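This is the structure I want to talk about, given as structure tokens.
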Amino acid sequence: MSETLEQIASAARTDAPPAILLDKVNKWFGALHVLRDVSLNVALGERLVVCGPSGSGKSTMIRCINRLETHQEGRIVVNGIELSDDVKALDDIRREVGMVFQSFNLFPHLTILENCTLAPIWVRRMPKAQAEELAMEYLTRVRIPEQAKKYPGQLSGGQQQRVAIARALCMKPKIMLFDEPTSALDPEMIKEVLDTMVSLAEDGMTMICVTHEMGFARQVADRVVFMDRGEIVEMGTPAQMFESPQTERLKLFLSQILRGH
Amino acid sequence: MSDLTLNTPAAASPEAVSRSAPLSQVGLLGWARANLFSGWLNTAVTLVLAYLLIRWIVGFAEWGIVNAIWSVPDNQTQACRDLKGTGACWAVIAEKHRFILFGTYPFEEHWRPALCVLLFIGLYVVSAMRRFWRPVLGLIWAVVLTLIGVLMWGGVAGLSYVPQERWGGLVITLILATFGLAFAFPLAILVALGRRSKLPAIKALCVLYVELIRGVPLISLLFMASVMFPLFLPEGMNIDKLLRAQIAIILFAGAYLAEVVRGGLQALPKGQYEAADALGLSYWQKTGFIILPQALRMVIPPLVNTFIGFFKDTSLVLIIGIFDLLTAGKTAIIEPAWQGFGIEVYITVGAIYFVFCFAMSKYSQNLEAELNRHRRR
Amino acid sequence: MSDSTIDPRSLRTPPRRPLRLSWSDERVRGIVWQVLVVGLVGSIVWWLWSNTVHNLEVRRIATGFGFLTREAGLPIAEHVIDYSPTDTYFRALMVGLLNTLKVAIVGIILATILGTLIGIARLSKNWLLAKLAAVYVEVIRDLPLLLQLLFWYAILQGLPGPRQAIHPMEGVFLSNRGLKLPWIEWQDGHSYALLMLILGAVATWLYRRQALARQMRDGRPRPVWPVGLGLTLGLPLVVWAAAGAPWTVDWPALRGFNFQGGLNVSPEYFALLLGLVLYTAGFIAEIVRAGIQAVALGQWEAAQALGLRSGQVLKLIVLPQALRVIIPPMTSQYLNITKNSSLAVAIGYQDIVSIANTTLNQTGQAIEGIAIIMLVYLTISLSISLFMNWYNARIALVER
Amino acid sequence: QAPAGAANTLDAVRARGSLICGVNTGLAGFAQPDSQGVWRGFDADYCRAVAAAIFGDPNKVRFVPTTAQVRFTALQSGEVDMLARNTTWTLSRDTSLGLDFTATNFYDGQGFMVKASAGVKSAKELEGATICVQPGTTTEQNLTDWARANRIRFTPVVIERLEELLSAYVSGRCDAYTTDVSGLAATRSAQQRPADHLILPDIISKEPLALGVRQGDARFADITRWVHFLLLSAEEFGITQANVDQMANDPRPEVQRILGKNGGLGEMLGLQNGWAVNVLKAVGNYGELFQRHLVPLGIQRGPNALWTQGGLQFSPPFR
Amino acid sequence: MSETLEQIASAARTDAPPAILLDKVNKWFGALHVLRDVSLNVALGERLVVCGPSGSGKSTMIRCINRLETHQEGRIVVNGIELSDDVKALDDIRREVGMVFQSFNLFPHLTILENCTLAPIWVRRMPKAQAEELAMEYLTRVRIPEQAKKYPGQLSGGQQQRVAIARALCMKPKIMLFDEPTSALDPEMIKEVLDTMVSLAEDGMTMICVTHEMGFARQVADRVVFMDRGEIVEMGTPAQMFESPQTERLKLFLSQILRGH
């Protein structure tokens, strides 16, 4: 990568303050170098889609942003707070950043409603009644308010993933991270989850989404980032990326993706 | 074409009456043939076993019922002695059963330990019911155990004070096992969490504790409690013998339970930890709300099995002279008149242990099957 | 950027992060926590230790292991090595240790055999056999081991006295003094023969490998057992004959109070062994059953459909898979049998606990006595664990 | 429960309101719970006697069963106030175990018992025999010393718990059973046919079984010692449980002093003057104790007869 | 059943000797009558497809043929040897009959190659080198020679089933039995396994195959047998059976099968 940070920033919407900033981030798993000088600037309200072959470090990158993994070199600044070993900063960041996982990770021993109110009550110290009201609001938003009393095991995969989104939203995060939210789902269910995400995007939520759903990327992404072997190889609007890929690697990747479907 | 098509009667009448199996296939006879007499080897095994079984049952019935003596007038055991080898002397149980059950507890106050035994059983039954698997169960335990303490010690509410060294029999066994579990459990959870901690010193301490305890026999811990423990304490301070044994059992149970709990912690998918982290829950919130509720639920069957183990192992306090069920049984036959009726006492004491352990083990088997079914669904 | 060019950055290695001295630094908190916990545990230990030292002084209790070289003066009935009460405590403890090992090793072997048989019986098509095995397992596992030991000991004491000993054949006597068997008077010839037996076993093993390798080469299976029998039995016989066929049998005979001569299995040892084996076999049976059931029925069927004989199915298909499931829980049973052998103290078999116990009682040195017991068991436990883990790893290697 | 420090056992006992007495976990005739869980026996009554001396109430005593191994530790650590637990008084125990022996309440000696059918007349004939013995006691050491001195080889059966050991002997597992003669006698009398068992005449050791208290508490030691002497003197002067009230009118000066009519001896001990009456009312005199607990087991007075009858039990004067 | 054995035999190719003969075979599981007077004659080289609703006794029938189940009445003759309690005869028959199961039943603790050489070495007493050569030949045949050193767990379902076929073939059986070999597989994998079976059929192997793959039946079957409730209800060429079913039961069955796909 030869761009400087400024260049990257300029590629983003210039009118909004930066929500996430990655500056030459490096990460190793043991001796394995999985993120290499990754620099990225996400403006507030921006929707970013990350794609790339398996093992390219996409998950690792977004997990570094809310510090489920720790990076070892470079800086990550989220919402103005720099990630460090400081526990206080970490708490603040996790409050601002919601995350949705590939495998939902709902808490199976709690009802849908309890899943959603847990963090507001204990982290945001909200009264229970208020937290439940909030939760019902978001559950309505993702169109499953009637399931509130059920347990996750009684829901379909698509419904579970929507609950996971609602759960993250209940913390009123400024930023949402999605790690392949639809890849564990059957085709019919993919659609219902993507619809939810589109509606979120339309509301102006800052989002980083790892996904291979190109239709989704085209529809909502402001920018698409292509990663390979721990590096950001290409970055641009969906149109640029999909219609005129610059690098061989992206071309190869796109041909595989499209063949696969 | 028609010559190739089978024109079967069955095809003409789809509801053809099914022929019943040859007689040798069905009913009691069929069952016996299939399960007892298929092949000569099988038949031989069946016959030999049946013969031995019947002989043994007849022999035992003769000794234990037909020829047995059920009671004798005041300690005149000569009749029993004359019958030795051919008939059981259940009179020893008739005479000593209250001592075996309650030890040296004041005779007129026996209703108190008896009530405690019932309370313990009630506690087990309630704990076994899944609808009570909620935090309120902890409260129930606290209340019942307190109540048991009050009943046993007395000194309040018009109950006379009974010092600890007078407690004995079945109730001691239940106390050692139950209090052992109640206190070992939190310890085990801490140790299990510690063993999975990222902090090397804490992890090392926990590993050391678990491996040390699991590497040595319980009786060496009991010996330690009885002869070494008093040396550990400052001069003039001392802890009652029962309490020392209880501490040894708690330390012992803690190490084994910690391994059980650790199994549950390990079985929990990593995603659960991560989801809790991502929501911003603190370590203790994450552990208390997300991890433990799931991990503990998963390990209930092995937990019950471990508990059965402790229940049996409390009998080892015999070795340091605490009057638990087994010791009381053995002490009952020290009195010269009743010496030598060990088998009868062992059978009785064994039956009591068996009833408790068998109920628990059946319960744990059912639970395991049920939980597995649940999980598969 | 092609695969072949080496990216120089891939050679970079992770840097170490500097430590910031701040309470909100996770690592600082970690260190503080550890210092706190270790400090707390350490100070409790130190407190106990200083109390102990003080108490020992006040009560004028001697410390140190000097007593080990003193004369023990305690009688021991069963000893694998020579022992008399004039020997030292150290030797007495060695005798105890060997007695523990004697019961543990024999117990492990017998419990494994019996447990496996019962486990298989539980899966038998014979309903009666399967049910009896199930009842056995349930009853044995739900009674305290100590109670069972006392029960067996009481039963064994019910045997007739030496004068009325049960005498099923020449030289064999069963009485409440134990089981007496004729035994040969040991001479050099026997040592050579024993050596040959061991060599024969090793040679059989080598031959079996060889036979297998040759079968792999030409497909012809070679029967191993006739050669094995020749090597393990014939060879020692020949050597024994060559040594002049020494043959003086030491027949047990009733002289004075007791049988003299021959081999003796004492009731204490026998009761302990019986109790341990019967108890542990109940647990092993369940392990074996679970292991066999863990191998899917389809594996049997597939193997049979290929034409393998049932023995071959067992050897080549079922056992290798079942063992993987069986070994880890079996390890803990072996550890249990060793630890449970300490209950010997209740029925008068003089194992390490019994002797260490008497020692600490006579010398008053409780700490040293208990330390010896714990050290011995920790060492044994560790060795068994290591061995079984090694074996497990070997089996797992076959697996994948 | 207030722990008892080294020097003020009496105060601690008074403050607590009860005496804690270490007894055997079960030895017929000496200490053993009956079918109702009440401790009975010679030693148990000694505990009651001391409680009666201190509180005037023999029931203010708590019995703590102790095994051979833990008895000294229990005393040292204050778990019990005194031991009345058939413990042999030896020099090394007296000096190095942090306890004081106060009075020998029973003179014993180690002997052997065999089945009469074995045809053995003397312990010297036990060559090659199997002998039942309890471990970790002076008994075991005496046995080895004696065997070595007499060049006798034997096979030991060493069992900690007395019940197992006894049943081992009775069932014939052992040819001989060795313990203190009192124990032998008790065992013998409990047999189906006592005549089938023979206590050999050889006594291989001296076994003075003594009361023990913590070292350095002279006052409490005095109390236990003088309770014992009281029981002896009462027998000597014919004071019994039944007649203790009438004896108050007995004119003999020593009886007067014993029963606290004059002399103030009780106060010198730190007790009330009526202590002796309480003790005797509670348990009776030494002879009565013996009669109640030991004679039914077939134990003869032997060396435990009063000095006046040629025995060793001798009480210093009450003055 | 009114036909005589001869009639049944004549229904088969008349020029080849009979490979399998079932004559009024009856079987009960306890009181449940699962095979009712089943008579069938399979000529050498013939390809037979068995279909029928679930529980109709298809599996039981072919498992009786290599005596994984024992029948209780009637005769079964395989390759001229009659099935009985005779162990020798059983050994001979199992050597001639290969079987492929629905759930593959590969031996997980052995490599692919070892799975294939096991029976040749221990049953056919072949030298190891020769057995391996043979195994590699058949593995090449089913197009997975490169997987020989792997373990079954590392293969996809379709690959595993092909290994199972190769393993059976390594015994050089005269007859192959397939019990729904593709029903546990994903659609893509079904094709690769069916291709393998078609190529086997083209080589003239005698095959009995329980399957619901009608395309396969049409392509390779000489005859189709339809079973219901333990009886052979109809039997004929694929064309006859599928285009003009005679019985109501077969019609119903076919309509269900076709609707299902």
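By written order: A, B, C, D and E. Residues from 1 in each chain.
Keep this in mind: contacts are C-beta pairs under 8 Å (C-beta built on N, C-alpha and C of every residue); 3 or more make two chains touch, one makes a residue touch a chain.
Worth saying up front: this structure is predicted, and the values here are computed from it rather than measured.
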Central subunit by CA centre of mass proxy: B
Contact-richer chain pair (by C-beta pairs counted) among A-C and C-E: C-E
Euclidean distance of C-alpha centroids - chain C vs chain D, Å: 45
Distance from the mean Cα position of chain D to that of chain B, given in whole angstrom: 40
Between chain B and chain A, distance of the C-alpha-averaged centres to the nearest whole Å: 50
Contacts with 2+ other chains: residues of chain C: 58, 150, 154, 158, 345-346, 357, 360, 366
Residue list for chain B, restricted to those that touch at least two other chains: 223, 227, 230-231, 233, 235, 318-319, 330, 342
Chain E residues within the chain C interface of the complex: 66, 68, 91, 94-95, 97-99, 101, 103, 105-109, 118-119, 121-131, 151, 153, 164, 167-168, 171
For the chain B and chain A complex, residues of the former touching the latter: 269, 271-272, 274-282, 285, 289-290, 293-294, 297, 377
In the complex with chain B, residue positions of chain C that touch it: 30, 33-35, 37-38, 41, 48, 51-52, 54-56, 58, 124-129, 132, 138-139, 141-147, 150-151, 154-155, 158, 335, 339-340, 342-343, 345-346, 353, 357, 360, 366-367, 370, 373-374, 377-378, 381-382
Chain C-facing residues of chain A, complex: 26-28, 31, 33, 36-37, 72-73, 84-90, 249
Residue numbers on chain C that touch chain E, as the complex places them: 215-221, 296, 298-299, 301-309, 312, 316-317, 320-321, 324, 398-400
